[in-house]
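In the two assemblies presented below, subunit A is common to both, partnered first by subunit B and then by subunit C.
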Partner chain A sequence: MDKLYYRLRTYRSVVGMNIKEILAYNFWFWSQVGAHILLTIAYISFWKALYSERDSIAGLDMQQTLTYIILARIVMPLVQWGYTQEFGFWIREGTISSELLRPVDFQERIYIGHLTRTFVSLAQQLIVVGSLALFVFKISLPTDPLVWLSFLISLLLGCSILFCFDWIFGCIAFYSTEVWGLQVVRGSVLLLFSGVLLPLTMLPTALQTIAKWLPFAQSVSVPVSILSGMTPLSNLGSIWLQQLAWLSVMFILSRLMFNFSVRKITVQGG
Partner chain B sequence: MPIIDVRNLGKTYRTIEKEGGVKGAVKALFRPQYREKVAVHDLNFQIDAGEIVGYIGVNGAGKSTTIKMLTGILYPTTGSISVLGHDPQRERVANARNIGVVFGQRSQLWWDLALIESLNLVANIYEVEPSRYKQLLSHFAEVLELDEILKTPIRSMSLGQKMRAELAATFIHEPKVVYLDEPTIGLDVMVKQRIREFIKDYNQTHNTTVMLTTHDLGDIEQLCSRVIIIDAGSKVYDGPLNAIKQQFGKFRTITFETNQPIVSVNLPPACEQLNLSEFSLEVRFDRSQISASQVANAVMQQLDVADFTLNEPDLESIIKHLYQNPTAYNEVGARG
Partner chain C sequence: MLRYTKLYWYFVIQRFKILMEYRLNFFIGSISTVLFQGASLVALWAVLRQVPSIQGWTFEQILLIYGLLTLSKGINHLFADNLWVVGRDYIRPGQFDRFLVRPINPLFHLLADRICHDAIGDFIVGLSLVSYAMVQLQLPINLTSIGFIILMVISGGVIFIALNLITAATSFWIMDSIAVTNVVFHTNEFAQYPLTFYHRSIGMVLTWLIPYGFASYYPASYLLGHEIGWMAWLAPVVALVCITIAYKGWLLGLRNYGSTGS
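Then we have the complex of A and B:
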């Protein structure tokens, strides 16, 4: 009981700390808002131009696609970065040693912080991009609370899957001192196969198959399809089961990978 | 029963060796040449509860590598470590609860957050009971003069403030063993003194075991009764600070200033010429064999001496002599 009490207190501090850290960088916060407005306008204009020539693409009409794209834009910053850079930084700067010296599970602590950041970011996006969609582009967002709840659950699962994947991917930094290249690879693969750029159904069948076997779609395409109405709520059971299966595998792999590669540590200096 | 028990500890790093130029870089990409570097070799020592041990050696001797292995963040290549009965690598979390670590060149606090936020989090992580935390916080605020900086983010602190903050964060869970890796590096004399007093006081009131690496011999002289000297990864001395001092304390130096340029001088036995310049001569002698007045007399018969000063050896010159003459370790009876 005492253990749980301190653990919850620790998490409360971690959550608070992460929110304060985000707010410590005012300029970063507002420049992100600005960037999202610009990108949203660019995306919507691009898709409107495409649909001016035809009525449907891959069976989706303009309204469906735009709703999907707007929602994907809302989710995008949540999954954009991964942990490769952080791992590189922790190892290069030696912060990893201070982190490992604390008597708490490192991955768990970072995960709590990650979720905090994810949901702060989501709130920020919903306000900025959501109002842009509603008031400027007159795109209707779903109103059914059940749809939103299902979306949030699926998003939580998806972000956790991606977190574990990024944890595994980040561990490569223990072996390669260079992380920039890894980050670029992850970014490009994510852009195409997560469904952030376009609905996955618009991809050629071969690429759709690849997307199915990568974890990225779980965090963008899957939840966004629920929210945009492309996936009926009756499919939720099998979708959540699939996401849970993904999560279990990724979680176990991420634990193994970290415990294995942490032995590689050679903290610089001194 | 020792608190820290280190047996046959060794660490070998494997690094990729690259030839120069683009060609070398490409070659290393496909056929990397590995080079093994022994950082620590067959190290043995035991430390009892409440001891403050100075762990010293030149840069690259293996001090930090040892500390990192003791804390559990670096895996040894050979040998075993036990700290309060825990294997620091296998039982990292259990070990982490008992220890506190300060790396003088690196912060464990959160860069963007006010000190009090960092301390709150650390207290929660280490499960410090809230009322106890309150007590300790007000005590540390007093002795480390934290009041003015509690609400300051770490990034806007001076080096001295940062180190005081680090110490508070390290001791707030009342660790039984503390590793201090160059805790006074780059600090002014006032801050150094305050930090030494804090460590000493904490050690006396809590019977905390402290292992301290430093290049500042003031730290050693004021804090440590025992010293371990490590050179090229191996232990070369382990014993009381006094033994080194007594052994080398028998040596003294005299510096002579002359009116005329010094051409040559014959020194009596048991004397050694340390420095010679045009108008000055420094002589080291063994005072168990010859007295200062005999040395001065012998030199003054040969030179036109304007002034001379007699110097007692300080720890710094002793350690310098040891670093430069590894064979001298035998003179103080290295314990293997």
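Then we have the complex of A and C:
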């Protein structure tokens, strides 16, 4: 009898432990969502206060700006961090050696994985932040499927450009073996020049020029402007051409950079 | 008390030795906060340069609020950053037991274990913003105003620490509290702007429930000469009440603590 009791008690802990483990990850997910929602509310309130005394800022009215901002909040979690962290991890832990030995193209495999995570995250954000926009802030999202399709294509191109940029950027880790600093620089430049905080047309001309020559706007400002109606669909041709040009340059550079710097590799303790 | 001061000093020196081993990280950590806040501030400036004010608040006045909040955040960042990870780094791997067998207060030990130098960035940003705003707005800079700011920043810092302590204490029950701390902590972003920007209920929450408003909006309003009466002086009281409740909660959790058994 005692033995049975003992075993039951043990298993109760095992069950409890597993539930805690599951909850820990679930909690973390919902906590991220919660924090993101709080920030979105704070941000939207700021813009509403800004528009309460005037009709337009930099030629944009309240509805346009709010739509842009809320959509940028949806895209932001997809691009915020990139995967430079993983580069550092592969190099520090030495797993890069086995990653490189697999019989599929390394970059391609990482790209597919990255894209999957990006679009799963997009779906999550659309559901959570999208319903917040609709039901709390009464911001109407576009209903035309053609606009959504154009947005998705542009976002796919933008995220691929950013992927190649991050790849080049991650290669620096072969030399520095330090990634936290790289992440900080990338993160703060992205914050200002990608258009996650404000429509880029609100920046002073000099900063707008810098934003144009950095790849970050391609993944946020460009697709979000399409979806929020700031960019007319008739411009799509030239936008996609530009994005394709960005992508080809970035892709070639990322290949060259990787092939060049992979020779530098030192597998630590491998 | 003297013993704890001495001990804290030893912890600081040990920490500093570690940091000096990794000088690059030390530098990067310090400027990381400056970079991120710089990006947000440039964006704020870019928008506000096009308008004279928002609901009566000018760019400089908002900077004063932002700066005060950043200083309070810096105090929490410097002294109590370990509260974030008490679950992940101490309770879950069983490291917390270490604190319980030593003849000093476990909370003191936890906080002293990692003094976070990244806070230097917060102090640089906060100090620059507050001084810039004070000068631009031609507010009196004298012993009274400086004393008031110091008192309010310390109170604000204690409010930050208290809220993180309450949420950290939940890890005695749920193992890892980062998720809980994360949500509560992020409400401080509301306090970066005047509370009048928000729906009245949000203002109430940030004053009476999660009182980050006392770290920024109320002291800034007082410095700017707005009529807010005794609310201007309430921050130290709120801070004391918060930290008392938080410490009680921590002790309750500590009694509930059963080790990992590993």
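Operating definition for what follows: the second predicted complex is superposed on the first by the 244 of 270 C-alpha atoms of A that agree within 3 Å, B and C clash if a C-alpha of one lies under 4 Å from a C-alpha of the other, contacts with A are read in each partner's own complex, and residues count from 1 in each chain.
Everything that follows uses one rule, which is that a residue touches a chain if its C-beta (ideal position, glycine included) is under 8 Å from a C-beta of that chain, and two chains touch if they have at least 3 such contacts.
Just so it is clear, the structure is predicted and the values come from calculations on it, not from any experiment.
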Partner chain in contact with A:Arg263 - subunit B first, subunit C second, else both or neither: first
Partner chain in contact with A:Lys20 - subunit B first, subunit C second, else both or neither: both
Superposition-derived comparison: subunit B or subunit C, residues of subunit A touched: C
Subunit B versus subunit C as contact partner of A:Ile153, first or second or both or neither: neither
First, second, both or neither for A:Leu101, with subunit B first and subunit C second: first
First (subunit B), second (subunit C), both or neither touched by A:Tyr6: first
Which superposed partner A:Val189 touches (first subunit B, second subunit C, both, neither): second
Partner chain(s) touched by A:Leu214 [first = subunit B, second = subunit C, both, neither]: neither
Which of subunit B and subunit C A:Leu39 touches, first, second, both or neither: second
Touching partner for A:Trp28 - first (subunit B), second (subunit C), both, neither: second
Contact residues common to both interfaces of subunit A (with subunit B and with subunit C): 20, 24
Complex contact set, residues of subunit A against subunit C: 20, 23-24, 27-28, 30-32, 34-35, 38-39, 41-42, 45-46, 48-50, 52-54, 57-58, 178, 180-181, 184-185, 187-189, 191-192, 197-198, 202-204, 207
Of subunit C, residues touching subunit A in the complex: 24-25, 28-29, 31-32, 35-36, 38-40, 42-43, 46-47, 49-51, 54-55, 174-176, 178-180, 182-183, 186-187, 189-190, 192-193, 196-199, 202
Interface residues, subunit B side, partner subunit A - complex: 13, 63-65, 67-68, 71-75, 92-94, 96-97, 99, 101, 103, 105-108, 110, 112-113, 117, 120-122, 124-127, 153, 181-182
Residues of subunit A that touch subunit B when the two form their complex: 2-3, 6, 9-10, 12-14, 16-17, 20-21, 24-25, 93-98, 100-105, 263, 265-267, 269-270
